[in-house]
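I'd like to ask some things about the structure below.
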Amino acid sequence: MEDAKLLRQYEVMLRERYFVLEQCTQNAKGKIHGYLHCYTGEEAIAAGICADLTPKDTVFSTHRAEGHLVSMGARFDRMMAESFGRVDGYGKGLGGVMHMSVPEIGLVHSNGVVGGGIGLAVGAALAHRYRKDGRVAVAFFGDGASSHGVLYEGMNLASVWKLPVIFVLENNGFAISSPASKMISVADVARRADGFSLPGITVDGNDLVAVYEAASAAIRRARTGEGPTFLECKTYRTRGHNEGDPQWYYRTREEVKDWEQNRDPVKRCKALLISKGLLTEEKDKAMIDAIKKELAEAVAFADASLYPGEEYLEKYVWKEQ
Amino acid sequence: MEDAKLLRQYEVMLRERYFVLEQCTQNAKGKIHGYLHCYTGEEAIAAGICADLTPKDTVFSTHRAEGHLVSMGARFDRMMAESFGRVDGYGKGLGGVMHMSVPEIGLVHSNGVVGGGIGLAVGAALAHRYRKDGRVAVAFFGDGASSHGVLYEGMNLASVWKLPVIFVLENNGFAISSPASKMISVADVARRADGFSLPGITVDGNDLVAVYEAASAAIRRARTGEGPTFLECKTYRTRGHNEGDPQWYYRTREEVKDWEQNRDPVKRCKALLISKGLLTEEKDKAMIDAIKKELAEAVAFADASLYPGEEYLEKYVWKEQ
Amino acid sequence: MAELTYGKAIGRAIAEEMRRDPDVFVMGENVGTTGNIFKVLEGLLAEFGEERVRDTPLAEEIIINAAVGSAMAGLRPVAEIMYVDFTTFGLDALLNQASKSWFNSAGRVNCPMVLRCPQGAGPGRGSHHTNSLEAWFAHVPGLKVVLPATPADAKGLMVSAIRDDNPVVFLEHKQLYFTKGEVPDGEYSIPLGKADVKRAGKDLTIVCYSITVHTALKAAELLRKEGIEAEVLDLRCLMPLDREAVLASVAKTRRAMVLYEAPVHYGAGGEIVTLIQQELFRDLRAPVRRIGGLHTHIAYAPNLCAAAVPTVEQVAAAARDLVGYKRKA
Amino acid sequence: MAELTYGKAIGRAIAEEMRRDPDVFVMGENVGTTGNIFKVLEGLLAEFGEERVRDTPLAEEIIINAAVGSAMAGLRPVAEIMYVDFTTFGLDALLNQASKSWFNSAGRVNCPMVLRCPQGAGPGRGSHHTNSLEAWFAHVPGLKVVLPATPADAKGLMVSAIRDDNPVVFLEHKQLYFTKGEVPDGEYSIPLGKADVKRAGKDLTIVCYSITVHTALKAAELLRKEGIEAEVLDLRCLMPLDREAVLASVAKTRRAMVLYEAPVHYGAGGEIVTLIQQELFRDLRAPVRRIGGLHTHIAYAPNLCAAAVPTVEQVAAAARDLVGYKRKA
């Protein structure tokens, strides 16, 4: 990973982190109406995977979507407005926090249905292959979702048709309260890719460089017609499943603290940058300040935006011919 | 495989073979109304898998069900009546040729839905495990069905819960006209079992002894609480996908002839038995004659049976309380 | 009698049946450790252990299949799909396997299972967690479909659903989980297919089920002040449908409205309208009114969520129309 | 004009659209080498090649998902599920993804796809290959639902379905595939949501679609001999529904029957009954009659298959009842 990209993607991670934390703040004020699933602790995955993607690629996200949205370049203000359910949000308040679509930046769809985007990404990859346009489709999904059959149907199809799709498993060890170790019959889900004849790679999902290197190779493979790749990124969410999750019945505070203190992807990347002489505390602070300013504006924008009018309810059911 | 069992299962294979051929004869006369999917060429699988099963086990069959039915001990007359759509059939003519259920012999369900029995077998295995009754569930399915996601969901569940289920893939190389080599991203589907942490074994499905030995071990594993096994039996159907299939656009007569002449499971088993001194031509003929006599009676029985009355249509929608 | 929430009444019914019958067990995503995300099943894991309260992988197709298969093998699963929206992954097992096993086998293999799912609108959830699919299930011969509106009904119907020898889809409205009511203690069951007059009245009948029972009751209160007495008939089950109760009520009131929350077109209400106008055409003083949800999805924005489902005022206005209708123009 | 079968008319429409628009392609099980098991797509593989006529693995969930995803990415897939019964493996992609993408994105992502499926009763197939699921699809906001009855309609509607910017479920009746009729050559499309009077009449309206159009036409012939003139209105699409055409016809005849083959309860007919009695209550000379299939599964035995679906005689008898009905007893 070149230095410039490393620094840029560090900033992306900061943007992910602070955007989500600001959502939490707003959520605590009652301004976010839905389930808020924080990406906190997993930022390196989105930043690493999306680094070499372009707005012409097609990304299918999850219920834990903000990291992917930010990494593809979504605007804070419109995302914040959408999470407030306001008309200036990406989905005019219809879709909401779990259902943002920003096709102009390549983020086709985030999804309230766990696993719901996997097959769609395979379909988008089919479109890319059909048009020979060199684009790539990416499906993000969690360890819980990896138990869904559509993943295996999709891997098989992508493999026999050599589709340019990357299956990105964000294995954070839990599906709500259910530990992956009890729910999944194999330690590294990526091992399953072997049976479908595609490369299956497991990386430390909290290591931006490791994720990036694996993603970059997978994207290259896809763009040059070599077909799909399965990428498993091991990570940990350091906040509850959603805001309000009474999480301490299924994991300990110590475990969370350990991840926050010793394996946080943002901290690790910052240390790396500093060690490489690419970042100083001041520069870091300046970046964060700029992000916070943008966030304050985003909140103001969202606050000023109205709830959508009732006419939208029927307007967007069918596209008019 | 002990001699007595080998001989018994050879007879089972003969019963499978001749029952199906008799169905074809009757079908040509217009007496069978549905799609008739012949098991011809695949008999060793059912005979080998079912040899150590009992009526207390739970077998879930497919659209190509007669081999499984016969091997579990279903009666010719009631099966024939069912394929004629008559009231003395196992399903009183409601279910028909693709939907026979004979729970008293352990054959819970055959299925018009390809892959439809896989998940049910996992469920039945859950019941066995729940009751600790030492019984085994078996799912038969084809190479086409092996692309269905429920198989992978089922393997995962069976693996994490150590369910006594055997996944039996009858890989005959085709799903109607679609060759497995183009539709499936791996040569031996059994390899996929590895990613789900269960044993995946590929055997020559036309070799009764090979199927039996693998099945017997899998059944033992299941009965003793060691969990599921995936068994892939490579085979070939020597008749069309269904009777009437204009098959020569997707495979050659030579290929079929080769399998019939050189790899037929019944012939192979017969040669083995003769070489072991367990069978003579006379004894073979006597067995076949007895089977043919039973078949003639079955046809007469089915012919004499009436079509079901219209009252059944609403009678069997809900079980009365 | 004890005051319980709707959710806890369901949990209690299941626990009581589990104590009574060792073949009854629970499975679904996060049903054990979490006690289900609405706390319906809280305490069950502690009492019954992991064999009988099974946290499953996140895989709806195999959950439904495993329920169906285990029922065919003689157990009585009470399986949960976390939101009805996700039954869409496993409908083969319901439509083709569970509902047809009794028929295809001509009475040899039945499928005594309950599939529990929360459904219905809710603000801030968006369109993937708010489908109402009762019309789909009710259309499938061989399934029974239950939609309780109160804690007592939820308990009594759940007991019957578990004891039923057929596959039962038990649809719980997510906005009712924390509503409270008196629930009989101990053995208490309500037969499937019996509607309940939740409020008697002589001027019109509001046929409803699930959450709309409460909308109807509130509208009836408004109307009472205007001198209109609405009868609120809670169907409780769509299948079996209590035709007799519907016809008896409308024969008396001679005016009827059918009320439900799902998108209006091709919803369950058309069945009831058809029944009433077919059987009571000569008696009706006005066309049967049908009020469903707007024919759209449930949006995230709370105002739009509220705007998509029938409101008390809308029901009251329709009732006034009905009462004021003149058979001849 | 050329005489074509219903199946070939569909195949021809697809081929013409594929020639016109490079984004249109076909995928499904055995659609290429076999040209689909009903020969609907015969010749397409030879003309368009494997990239545009794609034999898929036997995996309905990914077929539907891949269609939806490729449509979201700008293609116009015409995907086939070999029998509608097997859509049940992939309904999340239809119910939650395809139908809601336009809504959730407030007009940013649409899903221009056609999902083709044969459906309906047929002797000797048994209950797993004979579901009729139009009511499910019609209930889902955001989907369009088309059910042609004739070769010409099949062609004209398929062309419009492919050009439509929304997800369209195109339901073909398996017993119609080999029926023949005149089909216009070249560019020929029929707008979605326009019903068609297949036979004019003044005494009653039979509202029908798909195979029941033919049942209705035969019944109308019987009735004509008795001096009863039935109007046969073929809806052709359930969504959009041509309300105007239904109401115009019944306003004229003042008697209506709704006819369909699916299990009667909670079927699509209730919607039409509701519409008619709501809008034309004062004009109706008799209650709207609804005739659906028996509320059961389609059995294997041919006599029971025939007994489960509406017959010509049953329709004629109902028509006589309607005409003889006295509004006052």
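Per-chain numbering from 1; labels A, B, C and D assigned in written order.
Definition applied: contacts are C-beta pairs under 8 Å (C-beta built on N, C-alpha and C of every residue); 3 or more make two chains touch, one makes a residue touch a chain.
Just so it is clear, the structure is predicted and the values come from calculations on it, not from any experiment.
Without chain C, the other chains remain one piece by contact. Looking at chain B and chain D, the chains that touch each of them are A, C.
With centres defined as mean CA coordinates, chain C is found 36 Å away from chain A. Here the spacing of chain A and chain B, counted between their Cα centres, is 45 Å. Each chain gets a centre from the mean of its Cα atoms; for chain C and chain D, those two points are 29 Å apart. Each chain gets a centre from the mean of its Cα atoms; for chain A and chain D, those two points are 40 Å apart.
Of all residues in chain A, those touching 2 or more other chains are 91, 93-95, 99, 111-113, 116, 147-150, 153, 156, 160, 182-184, 312, 317, listed in ascending order.
The multi-chain contact residues of chain D, meaning those touching 2 or more other chains, are 56-57, 59, 61-62, 85-86, 89, 92, 96, 100, 103-104, 126-128, 141-142, 295-297, 299.
Shown here, the protein chains touch in all possible pairs. For chain A in complex with chain D, the residues that touch the partner chain are 58, 60, 90-95, 99, 101-103, 108-109, 111-113, 116, 118-128, 130-131, 137, 149-150, 153-154, 156-157, 160-161, 312, 316-319, 321. Listing the residues of chain D that touch chain C in their complex gives 61, 85-86, 88-89, 91-92, 94-96, 99-100, 103-104, 126-128, 131, 135-136, 138-142, 238-239, 241, 262-263, 265-271, 273-274, 277-278, 281-282, 284, 286-290, 295-297, 299, 327-329. Chain contact summary for the complex, chain B toward chain D: residues 32-35, 82, 85-86, 91, 93-99, 111-116, 144-145, 147-150, 175-178, 182-184, 249-250, 307-308, 310, 312-314, 317. Those residues of chain D that touch chain A in the complex are listed here as 25, 51, 54, 56-57, 59, 61-62, 64-75, 77, 90, 92-93, 96-97, 100-110, 141-142, 144, 164-166.
Touching chain A in their complex are the following residues of chain B: 147-153, 155-156, 159-160, 182-186, 189, 191-198.
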